[in-house]
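Next, two complexes with subunit A in common: one pairs it with subunit B, the other with subunit C.
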Partner chain A sequence: MENIIEIQGVKKYYKIAKREKGMLETLANLFNRKYETKKAVDDISFSIKPGEIVGFIGPNGAGKSTTVKILSGILYPDSGTVQIDGFIPYKQRKQYVKHIGVVFGQKSQLNWDLPLIESFELMKFIYRIPQKEYEENLKLFIDLLDMEDFINQPVRQLSLGQRMRGDIVASLLHSPQIVFLDEPTIGLDVVAKERIREFVRYMNKTKHTTIIFTTHDMQDIEKVCDRLIMIDKGKKVYDGSIHEIKSKYANFKTLELLLEDGSKELKTFDISVTPMSAVMEQLFSEKNIKDITICESEIDDIIRDIYEGRIVLDRPETERN
Partner chain B sequence: MNELRIALQSLKMSVKTRMQYRADSLVAALAVFIRESANIIVIYLALLKFDSINGWNVNEMLFLFSLLFLTYALVVSLFADLRDFSRMIREGRFDWLLVRPRGLLFQLILNNADIIASVGHGTLGILLFLISAGKVGIRWDFATILYYVGAIVGGVLLQGGMFIFFSSLSFYFVETNSLREIFYWNMRKFAGYPISIYHKLIQGLIIYVVPFAFVNYFPAQYLLRKPDMAGFNEAYIYIAPFVGGIVYLAAYLFWRISVKRYYSTGN
Partner chain C sequence: MEFAIKKFQDKMTYRLDFFMGIVNTAITILVYLCIYKALYGNAGEVDGISYSMVATHFVITLGLSNAFHYNEMFLQDKIRDGSITNEFLKPVSFTLRLFAENAGEGAFKIIFHFLPALLITLLYTKLCPPVSILGLPVMFCSVALGYLILWLISFIIQTWSFWLFSVWGIITIKNVFVSILSGSLLPLWFMPEPLQKILSFTPFESIYFTPVRIYLGELSGRELLFALAVQVLWIALLGVIASVFWKKGVKKLVVQGG
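Take a look at the complex of A and B:
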């Protein structure tokens, strides 16, 4: 099948005015500004097929938001090509955005003082949604997200989870084929998160919506996404299935040692380099060990290890597809 | 007619929002009304003593002021988002407009209306018009009414254009409020009086740089023909209703160029 999203060698550098300490430097700065270049997105390529759900993760400041902004047509890339559903987002903005839905978890698009329904009505006119489609979608979403109880309350009285559901509905009323969810579960409790995950899965299954989902919550990724793209410092560091990353890094075992003196120690080993028997042998000869627990590496731990540099990923060998 | 429905839904939302805080809104609108009226009362009292300012009597002065208030009432119901644009950029709300399939200025103009300011200024404008219009010797026939309506539309476009211009500056500088404070609000204060009372330099500013003179002074001159018009090119009173359109168009072009910067830098 054709790729619906295709991005090649995308770069986005920001120039940041350098601030210097001290009065004299500040004054000098007024006339002769020094800039630092921040490589927000540094040569990222990937492609996504229709109907995929892709988890997009990376530590804070890795370039996730910038990438999502480029994908949704808010920013031009400095170089590289972006082709989504036949459009070049930043060049054909008005045509393109009819086909996408965007949710920024940290920024609401709803009118704070009015019930959700007023903001939805506005979307109906802005996107020229036919009345029938609008009513069907609204009814479906209200059912799925269990919104009956608060649809008529002013948004300012809603809980964060309720508001987020409202924001998601506002972005999906026009039945977009592609949806960018930028941290839609941020700050939500477990129940609220689960409800949003279920909804996202449902939309993907029944409507075949292509979804890019950024989050810091690995549960989101594990429960919702088939594929994971990880970026760090503006570069793509992993692109593949969740299963793959788990099995690939299952070689990293963490041992929790309980020593004779009652203290605990954590040791991480790559058993493909040092077999478990050798590891044990070495440990027992060096320390007075009372007990050993082998911690299964959860996806969470793997990701944390990658972020913190304990696991060094090889750059993705070749592009997928 | 979809555009009209967006406009109506947006207006409905602006009004409903204010109705959430009914008492507060009423007091706020009243406060705007009183604040603006205070200036008028001062002038009124002064004119009781001096009789006229450069040949303009009390009623003519009130008529001059009414144009300023009436146009502003319409400006804030249309261009409220552009008046507060730098805040919109800072809060990242501008991104939302970019992901919707409509023109950016179209959305900015239709989205929010400052109902409070609109009611406050509008009531005062209508009141001043009703008090003065019958006493300043204007024969209200088809031609004068047509000119008057044209002048109001031109005045709205002119001030709207200025808001668009200042908003465009937000793409270059983080904070533009002080520029706007100096050029828009201060010039507006000058425009309350017949500009013939000012030094040539200020006259130049208010005719050519921040052309408020075309919002009220020249339109009023067309209708009143006061002798102090001798100091200015008479053509100005005929072109006054069109200057707004020209300023708006220029501001629009500047906006088109400036908004490109947003795509390349973000906020």
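Take a look at the complex of A and C:
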């Protein structure tokens, strides 16, 4: 099938005014400003097929949100091409946004003072959603997300979980084919998270919505997404299935050492390079060890190890220079 | 258009705001009328301008400038807290939507602040009647054009918030310039000759002064057409500048937070 999202060599650099401490420096700054370039997104390429759910992860400040903002047509990329569902998002913004739904977990698009249902009505009117489609979607979403109880409450009185559900519904009422969810589970409890995950899976299965999902919660990714794109410092570091990353890095074992003096230490080893017996032998000869726990490589650990540089990923083929 | 109506309804909901608006407009006008009455003393005319002409001038310009006052920090605030993203995700033109909202507010204030204030003023002083019934629709057209000029100037400055952290200072300076140069502090008739000449090459004269002169019948025939054409010309010119700034600004946009 044709790719629905196709991005090539996208870059977005920010210029940040450097500030220096001290009175004199601040004064000097007024006249002669120094700038620093921050590479928020640095040459990222990928393509996504219709109906895929892609998890988009990376440590804080890796450029996830910037990428989502470029994909949703809010930001202009400095270079590179973006083609989504036949549109160039940042150039044909007005036409394009009718076809997508975007949720920014940290920014609500609901009207603070109005009851939830009023905000939905406003969406109906802004997107010119036909009455029948609107009613069907609304009924379905309210059932699925269990929103009956608070639909008539003003948004400011809602809990974060309720508000987030409201935001998700608001961005899906016009039946978009592509949905960007930027940290939709941020700050939610386990039950609320689970409900949102189920909903996302349901939308993908029944409506074949293409979904890009950014999160810091690996459970989200494991339970919802088929594919994982990881970026760090503005560059793509991994693109593939979750199983693949798990089996590839299952060889990495993390040992939690409890030493005689009561302190704890974490050590990560690649047992395909150094066999477990050798690792043990070495550790016992170096340290006074009281107890050893072998931590199973959960996806969380693998990701943490990658972020912290304990595991170095093979550079993906898109990295040329 | 729907945004304008929405804003209109929005404004209706605040009762206190509504009455204060009338009082505010009426007081501003009455204060100026008192000052000029004192300045005129017993003189019938100054520089060929009668007191009732000045009074009419102030009722119109101050009434309109009160009505045309709106939140000029909207774009800056949206950029500052990052909620501009939500605006950009809606399939509507941000510029048109902003204009519709501001114009809706303006229309509301003309009807519900200006007209009642006008009635209050009429109790206090006599105003010039319109020269002709036909002049009124032409004047309304000119008021609308004047509003567009004013809005475009403000919008151009608002777009600077894509580059600058705060445009509040510039907006304040702009407002001082507008109120002096458009004649809402001192009627342009009383400005020194050279300054009047210079002002005729700026958009400020077209904002309030042109409608006032049309109302008073100072312009007729070709002069009238010329004045309207000048207004339209300014709108076109400012419109081009505004769209250049807007397009460049959107490219430059940096979303704060998150």
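Convention: the second predicted complex is superposed on the first by the 291 of 321 C-alpha atoms of A that agree within 3 Å, B and C clash if a C-alpha of one lies under 4 Å from a C-alpha of the other, contacts with A are read in each partner's own complex, and residues count from 1 in each chain.
Note that a contact is a pair of C-beta atoms (placed from the backbone, for glycine too) under 8 Å apart; a residue touches a chain by one contact, two chains touch by 3 or more.
Everything numeric here is computed off the predicted structure, so don't read it as measured data.
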Three-chain arrangement built on subunit A, subunit B and subunit C clash or fit: clash
First, second, both or neither for A:Val102, with subunit B first and subunit C second: both
Per-residue contact with subunit A, leading partner among subunit C and subunit B: B
First (subunit B), second (subunit C), both or neither touched by A:Tyr127: both
First, second, both or neither for A:Tyr13, with subunit B first and subunit C second: neither
First (subunit B), second (subunit C), both or neither touched by A:Phe252: neither
Overlapping contact positions on subunit A, where the subunit C interface meets the subunit B interface: 14, 69, 72-76, 93-95, 97-98, 102, 104, 107, 109, 125-127
List of subunit C residues in touch with subunit A within their complex: 2, 82-86, 88-93, 250-251, 253-255, 257-258
Residue ranges of subunit A touching subunit B (in the complex, touch as defined): 14, 66, 69, 72-76, 78, 90, 93-95, 97-98, 100, 102, 104, 107, 109, 111, 113-114, 118-119, 121-122, 125-128, 154
Of all residues in subunit A, those that touch subunit C in their complex: 14, 65, 69, 72-76, 93-95, 97-98, 102, 104, 106-107, 109, 125-127, 171, 182
Residue ranges of subunit B in contact with subunit A within the complex: 2, 5-6, 9-10, 12-13, 16-17, 20, 91-93, 95-96, 98-103, 107, 263-266
